[in-house]
Amino acid sequence: MRQSPFDELRHALDRDGTDSPEINGVRADIGRLARCGVPEIVYCRGKPVESIASACERLAGESRRVVATRCDAATSERVRELLEGTGVSITFDVEASAMIVAGPDAQQPSGGGVVGLLTAGTSDWPVAAEANLIAGEAGCTVHAFRDVGVAGLHRLVQPLEALIEQEVDAIIVAAGMDGVLPSVVAGLVDVPVIGLPTSTGYGHGGGGEGALTTMLQSCAPGIAVVNIDNGVGAGAMAALIARRANRVRSQSGASD
Amino acid sequence: MRQSPFDELRHALDRDGTDSPEINGVRADIGRLARCGVPEIVYCRGKPVESIASACERLAGESRRVVATRCDAATSERVRELLEGTGVSITFDVEASAMIVAGPDAQQPSGGGVVGLLTAGTSDWPVAAEANLIAGEAGCTVHAFRDVGVAGLHRLVQPLEALIEQEVDAIIVAAGMDGVLPSVVAGLVDVPVIGLPTSTGYGHGGGGEGALTTMLQSCAPGIAVVNIDNGVGAGAMAALIARRANRVRSQSGASD
Amino acid sequence: MRQSPFDELRHALDRDGTDSPEINGVRADIGRLARCGVPEIVYCRGKPVESIASACERLAGESRRVVATRCDAATSERVRELLEGTGVSITFDVEASAMIVAGPDAQQPSGGGVVGLLTAGTSDWPVAAEANLIAGEAGCTVHAFRDVGVAGLHRLVQPLEALIEQEVDAIIVAAGMDGVLPSVVAGLVDVPVIGLPTSTGYGHGGGGEGALTTMLQSCAPGIAVVNIDNGVGAGAMAALIARRANRVRSQSGASD
Amino acid sequence: MRQSPFDELRHALDRDGTDSPEINGVRADIGRLARCGVPEIVYCRGKPVESIASACERLAGESRRVVATRCDAATSERVRELLEGTGVSITFDVEASAMIVAGPDAQQPSGGGVVGLLTAGTSDWPVAAEANLIAGEAGCTVHAFRDVGVAGLHRLVQPLEALIEQEVDAIIVAAGMDGVLPSVVAGLVDVPVIGLPTSTGYGHGGGGEGALTTMLQSCAPGIAVVNIDNGVGAGAMAALIARRANRVRSQSGASD
Amino acid sequence: MRQSPFDELRHALDRDGTDSPEINGVRADIGRLARCGVPEIVYCRGKPVESIASACERLAGESRRVVATRCDAATSERVRELLEGTGVSITFDVEASAMIVAGPDAQQPSGGGVVGLLTAGTSDWPVAAEANLIAGEAGCTVHAFRDVGVAGLHRLVQPLEALIEQEVDAIIVAAGMDGVLPSVVAGLVDVPVIGLPTSTGYGHGGGGEGALTTMLQSCAPGIAVVNIDNGVGAGAMAALIARRANRVRSQSGASD
Amino acid sequence: MRQSPFDELRHALDRDGTDSPEINGVRADIGRLARCGVPEIVYCRGKPVESIASACERLAGESRRVVATRCDAATSERVRELLEGTGVSITFDVEASAMIVAGPDAQQPSGGGVVGLLTAGTSDWPVAAEANLIAGEAGCTVHAFRDVGVAGLHRLVQPLEALIEQEVDAIIVAAGMDGVLPSVVAGLVDVPVIGLPTSTGYGHGGGGEGALTTMLQSCAPGIAVVNIDNGVGAGAMAALIARRANRVRSQSGASD
Amino acid sequence: MRQSPFDELRHALDRDGTDSPEINGVRADIGRLARCGVPEIVYCRGKPVESIASACERLAGESRRVVATRCDAATSERVRELLEGTGVSITFDVEASAMIVAGPDAQQPSGGGVVGLLTAGTSDWPVAAEANLIAGEAGCTVHAFRDVGVAGLHRLVQPLEALIEQEVDAIIVAAGMDGVLPSVVAGLVDVPVIGLPTSTGYGHGGGGEGALTTMLQSCAPGIAVVNIDNGVGAGAMAALIARRANRVRSQSGASD
Amino acid sequence: MRQSPFDELRHALDRDGTDSPEINGVRADIGRLARCGVPEIVYCRGKPVESIASACERLAGESRRVVATRCDAATSERVRELLEGTGVSITFDVEASAMIVAGPDAQQPSGGGVVGLLTAGTSDWPVAAEANLIAGEAGCTVHAFRDVGVAGLHRLVQPLEALIEQEVDAIIVAAGMDGVLPSVVAGLVDVPVIGLPTSTGYGHGGGGEGALTTMLQSCAPGIAVVNIDNGVGAGAMAALIARRANRVRSQSGASD
């Protein structure tokens, strides 16, 4: 049965739900995956490693998976040491600079739809990799093609046709500098496009501001945008879209 | 059978498709609905009324519908006069400041999914109405609730529960000033949220810049954003998401 | 014989050239066409009509032509009255909001090369028309195509092929909103592209700022940019490039 | 008896007050606590350690306490060495990156009211800790709750109810990224809210600019804001409000 | 007995409170005065007069008072006509461009403390007048002095001494252009200062941006700031501070 | 005998000077000419005409002169009517959009030095005229040359040599758009240059922002800058410099 | 015979051209020199050295040359090691921080025209050197003069006369801080000027923003601009202009 | 006899002056002190030490002095080594991070007037020290007082009275954060004030932008501003003003 979006809040007000105690400065929101369709994500930058570790441990619990982003290898290693003996397993994704912490009984994520991922240039990959990871953790299958920017338009042909053939439910397009690629893609397909500006580029409009603006000003409807370098946001949005389509598929036994 | 996103471009390069002649400065893109899932939209501001009229006429053709946005009543009236006798029918939507021009054999749009629409304040409605119109023209059913901003959080309860009960495929949240509402909504539901900042508000961060920034910086994953006052973009994005889910439903004969 | 770029300055310092007296607040620079290859241009906005008229009269003289830009029809009419009986002839270009004032013995401009001009949308034309006028006044032939923006990429094919067949020496690409078109064009041709951002568009990056940034951030080398709505600058730059190529042609009797 | 705000200035003009000599580039304002209700605060960043030490020594004097902010552990250690033998005692607050220097006869601060302090996320604590310290030094009792941001709204319930039960005189709400929490709190309580934006967050509106703008644009009246990361300012403002209420309480022997 | 800040939300979730129906696009928040200590305020700019009128009528009810801001005389007149016969009484404040609508049994506001109000220049008065009105409607006594900016510092002496003698609980300081006055005042008193930047001024930092920045950057602790021209916000913040102090006074029978 | 800069403040604190009463929202600073070397200036924009009139009347008094800037002809006329019979005489300067109000016994200003004034273009004159007026009212002789911008560098020769021959004490250089002229002038002379950016120009850096930035970034030392369109500031700064040199001249009976 | 700009795209759509496989995240665009007149350029910053190496190797192939920019000496050395034995030859340009990788049969570039290059200051050289390198790689002869900024205008005379005597087809003018030099040059010559702002300078408008704005706002027509520090863009634009003129020369056997 | 500002340019055009050869990328402007009243200044940041050394050597020559700014101790030491044996003497000013290089016969600077220098805070001294140095090198006497900001207004009394007693010709006021001090000073004296914003401060308006804006928006006429941290510019402007007054004094035998 469908639940109300306010169930957790209602329980908190009624004092009959599980409380959210603060541990090491973190008040873990363990119901997020159920409520919002996306697991709680720990943003590591600027947090003491003890906070990161205890947040991950509490969020992973017995059977959940949690993603810690903006996490370098050293931090990941340190967390691994701190959580030794707790039963969680830790995987570090070097491309996405992220760490997955899984409870002892956690299962592989599944149940999502199909997401396409394009990058305009080679330098956009670290950000796109974060999106890739999040969409995967939300159970989606991701098809990614890199370096298909419009400076050499012919490079886009094969990858975009491949995505359409895969019947992707959403396409994330990561681009820095001029951020032109999402406009071109959205002018060609009937799939929702999520513009993911990256901080590649220098000078006026550098640091991704130019790319963000281009995507917001796009003449081609069917684009929505997340913030610069926000791979988490792009991955989560794509996953929500794709999970939705997939749920319909599942409910009806449809297969693509 | 699934077509390639490059079919029109391929035809143009092969000179075997229909050419796009320029008429009154407009080169109509009549294949956009088929290609991109959203009808071509004529942005009226700054265009001579003759350009608007001939663009609408060519785009509507025999059996299509076209939306002309940022169109005041006087312009609409003038277009009606210019197109008298061509067989098109014209509807003016005063709330959205938009005009629908339909060819003589055009049908009511259908085939989309279900879209939710919330506004934080009363002043956000004109922009939200544009999104409403576009989603409707793309065949979606839209459920809208106005003035549910977080300054009085209890006002959000009933509308948001209603949207979830309607199983909306996407929720557009229009907000100006502090732009806080989309973050709150995205923290409560597992439906993709499209943030639509409006130019309500003055002073630092006024004109919608503050609302846009809030939405881009949202701590709650599952939000993507369109530009300030871009009701067209929000409506189109929501429609693409909802149409996708609906197509799956239709393919499988599913009912929710 | 080739002259020094400092000849007029040298004459001024030696007191043996023609002085530049101030008349009605204007100190006319009548040698600019000879020195810089572009006629002096009178920017009308914010100037009293008497200043405009006397500047035009002095600049046109017996045999020169001068362009007055950002000039509405009423101003043009008023100048015509003020200069009645002076022998100058006045042409008003309604699309470019500009006025050409020619001395009684002035000849049609000639001697330039071939310039291409593309606009992404219909609304970009007023700015592009200014560029068109200036390049024409500098003696160039201009081939223009309107509304070929990338939201419908197939519309670009025929116009761009036509420009290349015309062997244009430079291409001006006017675009507002996302300003994507110059990047796409520069990725396809080996002709210098002059990006001309227009103030079309609203919201974040509106008023042409987004288009300017996109062009400055372009991944495709071979683009240089003028300021937002600066049709004069784009036309002058294109003309200087094209005149140069043409001069070589003329010197050698070459024909394309 | 109530004094004039101009007493010190009057004394300076009459040459009958204590002069403010410059020592090591610092002209200490030893009357600030009496005049303004907040102790003089030494901002350490960019100052030579000798200036910091002599400023602290002079400000602490026999019986006062001074706070040195933006002070790392090494600087604190160095100051301790420089002031060895002067009788001052030094406490370093690692969370707030601040140092308290107390004269030999200085007493614990007292006499303030009750201040609430909330942070939206874990990363906001260092800034909030600075506010905490300053309010404490001004004699207030502070009740703090961390990580109660609206991405999981239910986490706010218990902390906010606790603050209201404590009858806090003002609530400082520290938040980075989207800066949404102060708006939500101000919509729920009748206590003055001091928005304290923190420089958490990246991309457009990063570095706290987005959070600042959100708070300035808040739809809920009853919020005033200090600059990004300005824990000192937030703590001082809260303390002035709370001291005022407390003074009334004391004058009348009231107890809550 | 003290209530929870979540009472209205709890009632909404439990479906046992009064619902907030939408009328003419407005969902009135009639509990705001009780919950937040400030009456609901209708921001008129950009709203249809019918929405304004029905919002005011519903908010005023039998015995409440509501303020409608950014309201010109014509709008006020039109609302008066629309509400004729409903029993509400309407007062238009020409200086504050605001309108007070009071239900038939509404009483004069009372119960607040004492608020000081200073303006740097003559042109800051319209904004300050809005703050004046709001603080008054929240039951405070306001003492105002105009044109005391630091370009002639001696003008500040008498007004500031007067405010201190009146034992004001908070001081609102309105200033445009360089926005210097709040810093000077906060350096002289131990009363919380609310900086109210106004949009007076032109050029770089014009429109109030410079004044806002100055106040945020103030070297004198004890200032918090509201947005440019936000007289409502300044008045509400001052009122919450003053009401608090006054409540303590009342509870204990204290008199100043 | 030389007085203290604090004399008026000292008198105010001692309650033995003339008080500054508020009349119509204005607290006139009648000692400014004596204290600061520049007459009090009434900025008219956004002030009610009654305030302007009573400020002018009080400031002019028996024998002083006051300047009212940003004053259109209609306002001037209205003030003239309001002050009819008071004995003041009013002169309207149409180029500077300013009005001089002189008391019945006021004398022509004198005693200043010599100021140079250059404008880059014709459109810069209205702003430069304001500077011209203020410097004249401070008793300086002003030598002005218009339209000498660097697009035609030879036009600068004669005017600049003339200024140096006149032994100007300071040069105001007004320029909009690229704001290049002050840099060129400061690279040629040993006289202090006051950069006066004007709001001429459009697009990126328009409204004078580009000109201001150019002047602040100037590679040629010896330039200081006032805000965009701030003719009053430029005139006052030049006058203070020139008056100083002239006072030395007068004290010693020197003649240039 | 002249080819269509769409040939590569046509081949990609027809599946009969060479495909663009992704290797190490790079999809090399080997046809760029033929299509766009400028070799593919590898931007090194933020890319793993393996990606750089394999991109360079593939782009150089048997007989092509590729430029890798923003490349420090260490990266260059590392690439040299990785490509040992592949037959490519590597040259590191320390001034331009760039590396040229040439295939074993690659020839020296030739066939371009003549380009002038001026820098305003010494610090602009690294950026100008990048432009120098690119124009050279496109086959142009470059004449460069450094440190000729307008703070000492006489320094410009000899270099500019020299460039005109060399009959340059385009002049790149690199300038930071106030960015004044391009305006002065464009006011003196009839050659297209490419403004190249550099990130020299600090404070307001620092990092090249001021220089960029000055160039965009230039009063002298005949300037187009590339982004801050974009030596590649300036060199490519100049090369396209000069190659064009040279091609005409070559076609006709003309010699200058 | 008075010379023309164009003499050096005239000589360059006539080829009869000393040429400006480029050495190590620097084209020394050895006539600047004579022409502009300020010695040539070498800005060291971003320049190779060889360029700095050879520029200093050439500029110092036999009998001149040159200032090298933004120069750390290591660079200074390295230059000293490179210029060993050339006869120049080098002094490093650690507070101003600057180096004075004097030719063997160079004399102490003299002939300037009297300059006042105030800093609002301790952290403003490094920038103020640069101004101090430049004014000294231009022959002025400088009276400096530190840490007199308005947060403790009484600290300003004695220093400002001292400056007026010294009959300073100009006052430089350095201030960061809110930048309020110049406005207060200019409201009290009749001496030209040069606002010198420093990059002290963080958050919104940090890095000196807030201070710059405050000074540009100042309500007190008689302030002109240089760029953030531009001690050179402030020192040069003050020196030009003071030298002028002093020259008049000298010409007439006047003594202060």
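Residue numbering begins at 1 within each chain, and the chains themselves are lettered A, B, C, D, E, F, G and H in the order written.
Simple rule for what comes next: a contact is a pair of C-beta atoms (placed from the backbone, for glycine too) under 8 Å apart; a residue touches a chain by one contact, two chains touch by 3 or more.
Note that the structure is a prediction, hence the values are computed from the model and not measured.
A count of C-beta contacts for the chain pairs E-F and B-D puts B-D on top. Bringing subunit A onto subunit H by least-squares fit of CA atoms involves turning it by 180°, to the nearest 5. Averaged C-alpha coordinates give centres for subunit D and subunit H that are 38 Å from one another. Rounded to whole angstrom, the centroid-to-centroid distance between subunit A and subunit F, based on C-alpha atoms, equals 59 Å. Of all residues in subunit F, those that touch two or more other chains are 6, 9, 13, 151-153, 157, 186-188, 203-206, 209, 212, 216-218, 220, 227, 230.
Working note: touching chain pairs come out as A-B, A-C, A-D, A-E, A-G, B-C, B-D, B-E, B-G, C-F, C-G, C-H, D-E, D-F, D-H, E-F, E-H, F-G, F-H, G-H.
Considering their complex, residues 8-9, 11-13, 17, 19-20, 22, 25-27, 29, 31-32, 43, 45-47, 51, 55, 197, 199, 208-209, 212, 227-230 of subunit D touch subunit H. On the side of subunit F, the complex with subunit G involves touching residues 120-121, 149-153, 177-180, 183-184, 186-188, 201, 203-206, 209-211, 213-220. Within the complex formed with subunit C, the subunit F residues making contact are 122-123, 125, 145-148, 151-155, 157-158, 200, 202-206. Touching subunit G in their complex are the following residues of subunit C: 2, 4-6, 9, 35-38, 41, 134, 157, 160-161, 164-165, 167, 169-170, 186-192, 194-195, 212, 216-218, 220-227, 230, 232-237, 240-241, 243-245, 248-249, 251-254.
Partner subunit F is touched in their complex by these residues of subunit D: 6, 9-10, 13.
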